[in-house]
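In the two complexes that follow, subunit A is the common piece, with subunit B as its partner first and subunit C second.
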Partner chain A sequence: MREITYLEAVREAMSQEMRENDDVFILGEDIGVYGGAFGVTRGMIEEFGPERVRNTPISESGIAGAAVGSALTGMRPILELQFSDFITIAMDQLVNQAAKIRYMYGGKGKVPMVLRTPSGSGTGAAAQHSQSLEAWVAHVPGLKVVQPSTAYDVKGLLKAAMDDDNPVVFYEHKLLYKTKSDVPEEPYSIPLGKADIKREGTDVTIVATAIMVHRALEAAEVLEKDGISVEVIDPRTLVPLDEETIVKSVSKTGRVVVVHEAVKRGGYGGEIASMIAESEAFDYLDAPIKRLGGASSPIPYNPELEKSHVPQVEDIVKAVKETLNKA
Partner chain B sequence: MAKEVFMPKLSSTMEVGTLLQWLKEEGDSVEIGEPLFEIMTDKINIEVESYEEGFLLKKYYQVDEEIPVNTVIAYVGEENEEVPEEAPEGQDQDDSGTANKESAEENDPVKVEEEEVTTTTANEKVRATPASRRVARENNLSLKSIEGSGPKGRVQEADALAFLDLKDKNLVTPLAEKIAADKGINLDQVQGSGSRGKITKEDVLGHVSSESTADEKPERIKLKGLRKAVADKMLESAQSIPHVTLTSDVDMTKAIEVRKSLLPVVEEQTGYRLSYTEIIMKATAHVLGNHPTVNASLVDNEIVMNKSVNLGLAVAVENGLIVPSVPNVQAKGLADLTVLSKTLGMKARDNKLTPAEMTGSTFTISNLGMYAIDGFTPIINPPETAILGVGRIIEKPVVVDDSVVVRPMMVVSLSFDHRVIDGAPAAAFLTELKERLENPYGLLV
Partner chain C sequence: MVSLTVPEQITEDKLKDLLREMWTIRYFDEKVDEFFAKGMIHGTTHLAVGQEASASGACAVLQDKDKITSTHRGHGHCIAKGAEVNKMMAELFGRTTGYCKGKGGSMHIADVEKGNLGANGIVGGGIPLAVGSALTSYMKKAGYVTLCFFGDGASNEGSFHEALNLASVWNLPVVFICENNQYGMSGPVKEMVNVPDIATRSEAYGFPGVVADGNDVIDMMNVTNEAVERARNGEGPTLIEAKTYRWKGHSKSDAKKYRTREEEKEWRAKDAIKRFKEILVDEAILTEDEAETIRTQAKRAVEDAVDFAKEGPMPTKDDLLTDVYA
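Then we have the complex of A and B:
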């Protein structure tokens, strides 16, 4: 099977969908000739034309509002926000309109839109371009939230998001754009709400999202040398959350470390931890649930400080050892 | 409105009362001051009178039940008034409440089924992970007996499993295993008493003897009532007071003469026969007057120097020991003492002593002279400082003026609280008591 990058997988998913379905179009700032802030849509305007690859003014609220409106009329828009931080500007359209309309109109109007946006730190883009605010969005009923970690997952999940009749917020991680994995050429779909066991293990479960999946896998390699067998679960979608897979894994290992890049305080890890504690896995817990997340401060510009702000491989290794009482 | 009838608290140490009999039945009319029921406290039987007028609406307890103080045991109110079917709970009104509640639970047969719950509660106090708790729950283990290897001794699943593994292995010493094999005993049925339940030789042999005497199981009597009160007090005394016992041989020749002379006089005056007890009491009170520290009490880290000599008399009764108190002995003559000690003794045996007659003693005399006992070490009756043990009078050869002669001798032993007094003053007291008993005419001076 051929290997393509995460970025190419996003583009391929969109392109394939647009070829299949004339109702699908993309809109965003500089997504046309420029190809988007990270080059995801590069070349798409040549194939699909400016009608379906629409440059927009610099107004995230306007982009989101246009997407909601067009979705209500039967189109299937994919909007791109250059940085997920800017979602705050689109929040009213997203939270108060997109998320509510189907419910408020008794199912008579639906909003089949996908909001794609790069999140996370690691590029030196500083405080206003490096955040992970997925917990804000996951909190709102009516929105689905996706956080893929591999090129394979990105293509399948984006297809599922585009096929969904509800608004989906699709977080792409900046640092993952260049990562590669085997991706089938033909379109395929990964159901939203289906976690992936990225690595099987018996001693401890790490539930990790986005780039933390890769760091967890690296940590697992390190820990294996110490005879610690780590299972890595990638929920892939925060909403809906595949509780069953997580509960099953934690029930097996008895220990869990939840890792995400977002600030730990109020982060989605707390939701996962609570879900585990409330579930039947509770009786199998053999250590307190441990959470690893970002520091409670804005992301620093300085690369070293930026790195120290979010969990790294060594932090995960340490957390796992602590939870196994082997630190 | 119906009024609660509580189990009264008749002394500072009373925690439970045993219901001896109901003097009214449900539906009977009750007047203020009329006896409702009779209870046995830690030392006395007493009738409890009604504070209310009306009808006895409900009796919650049966005869012989032990009931914590301040528990509602009945209601008195207007005829046919509705009261709870079950005894109300949580009536503890003083600082002894917790103990009362505990004993109530112990005595309530309905609670027995809740033993499992108690185990769980106990487990909850142990630092343990949910997984280890599950293993413990599933295998009926007590987490308290499992050593935790986690942070701060937290019991983890592996600890519980290891414990279980050890338990399953049926720990047994090689010798016990051999004996069991020789005698064809199934070790599964033997309860181990060693570390982690290890079966020892004694366990196997004990199992054999229990099997052979299965039909002759010893009778078990619950420690309660007076027996428990005596047990508690004696344990407290023995554990908390540093006892030292001094003994001395007393030549009772002259005391016997005195008794012989005064016996008809006292009998004529009182109708009771003078006994050695009264003579010993009189002598003791006299000597205590010269040794006030021996007559002291230790209360809340303070030595209380008692002004009068109130002598406690240890009286054996069925199931226990009661110590009525004879007040102001130093001011009483032998006739008075004879009357008092005889009447108090009878009341003690009939369980008719009032609380006042059982409190306030400053020094106790325990006389076992009626038995074949020469001497013994009595246990102090707290908060007193000392107790005198009296043995029998028996003729013994003694040396008097370079000759061996036969004399009626009696051993007296003084146990004293070494926190309050030391050996020398205690010895001085006993020496003077010996001299006084050997020269009892001095008491008349």
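Then we have the complex of A and C:
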């Protein structure tokens, strides 16, 4: 199978969908000739034209609302926000409008839109361009939340998101855009709410999201040398969450480390940990559930400080050893 | 020989300082460009090469107590409000000797004590802050004016419209300066704004809007001076649109496919620094030699800033959690 990048997988999924369905269009800042801040839509305006690859003024609230309104009336918009930090400006349209319309209208009408946006740190862009705010949207009923970690997952999950009749927030990770994996050429769908076991193991489960999936896999390699067998679970979607796969794994291993890049305090890891504690897996736990996440500060500019803000491979190795009392 | 029409507080020495300042801004951003390309400065930066006149002209008529808010393209505003280039460069190098102790970087340089309320990574983010600053001045009868810089792109954000309306209904001492450099990132102003002049948007909020030549530091001084005086006299806000151009791309990875070489050349010919220097020489305020000395001094100051920056210590892990709360 051919390998393509995470970034190309996003573009391919959108292009294939747009060829199939005239109702699908993209809107966002600089997505036309510029090709988007990270180059995701590069070349798309040549194929689909400026009506369907619609360059917008810098006005996140306006364009998010336009996406909601067009979705409610029969289009299937994909909104690109340049950085996930700017979701704050679109928040009213997303949280008070998109998420609630169907419910408030008693099931009349639907809002089939996808809000795609790059998140995460590691680019030195400092506090206003590096956040991971997925827990904010995951908290809001009515929104689905996707966080893919590989090119293969991106393509399948984005198709599922575009086919979904609900508003979906699709978080891409800036540092993963250049990573590659085997991706089929034909369209395929990965159901939202289906976790992936990225590595099987028996001693401890790591539940990791986005870039942390890769760091967890690296940590697992390191730990294997010490004879520790690690299972790595990537939920892929936070809402809906595949509780079953996580509970089954933790029941098997008896130990769990939950790791994400977002600030630990109030982060989605707390939700996963509570879910495990409330489940039958609780009876199998041989150690307290451990959570790793970002420090309780904004993301600093200095590269070394920035790195120390978020969990690194060695932090994950250490946390796993601690749950095994082998630190 | 025509005598220059400038605000009365602008002395000949001040004019010379302004030339130095504009060159400092130019050399600072060109140095940043060079170091960015070499990987010695990381993250992202937005350069204001070509836009020196709007920052310098506008800030020239301010008093020390006055305040500014700035943007992601803020090095020029910062220098024009009196910042030390040493501390600015140290910030870009991520050192503890920088304005933000290495935590803020290019997009967040601030010097609150000196009235620079900060650059801003959020387009349109600073505009309401300027209104708040003006509100303080009004409520405390502090007598200062707040100058609010932002781009043409930012004038499409809701924050712009909400801020202008508030400033108007509260009759606040604030001057809004839209630096119309013809593009948002890649969005040409002609496609993103459906009126010929952004300045006319003030009409919707009931206060004056003025178009200025953003590449003419003298025009910028005069227009801003009038607006600042209005604000100081309790006559409320003004919106100034400075028509200008950014010579470089939006940020590091910009192929500039959205504009032509001819257009770039046309605007480079309107170089604000060259123009100002020629006026000063024509008016016999400076000789060519003196101008050259000022230019080399500005260049030297930027070189020195690099040395200062390199010597500064890096923050340590202990610094991660400091300054989160007061």
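Keep in mind that, in the parts below, the second predicted complex is superposed on the first by the 327 of 327 C-alpha atoms of A that agree within 3 Å, B and C clash if a C-alpha of one lies under 4 Å from a C-alpha of the other, contacts with A are read in each partner's own complex, and residues count from 1 in each chain.
Keep in mind that, in the parts below, a residue touches a chain if its C-beta (ideal position, glycine included) is under 8 Å from a C-beta of that chain, and two chains touch if they have at least 3 such contacts.
These numbers come from a predicted model, not from an experiment.
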Subunit C versus subunit B on the shared subunit A, clash or fit after superposition: fit
Which of subunit B and subunit C A:202 touches, first, second, both or neither: neither
Contacts of A:96 with subunit B and subunit C, given as first, second, both or neither: neither
Partner chain in contact with A:287 - subunit B first, subunit C second, else both or neither: first
Residues of subunit A touched, compared between subunit B and subunit C (which is higher): C
Superposed arrangement (fit on chain A Cα atoms) - minimum subunit B/subunit C Cα distance in Å: 28
Residues of subunit B that touch subunit A when the two form their complex: 129-134, 149-151, 156-158
Subunit C-touching residues of subunit A, taken from the complex the two chains share: 29-30, 32-34, 37, 55, 57-62, 85-86, 89, 123-129, 295-298, 300-305, 308-309
Touching residues (chain side subunit A, partner subunit B) in the complex: 254, 282-287, 325
Interfacial residue positions of subunit C with respect to subunit A in the complex: 42-44, 91, 94, 100, 102-105, 107-108, 120-125, 153-154, 156-159, 184-187, 191-193, 254, 257-258, 314-315, 317, 319-321, 324
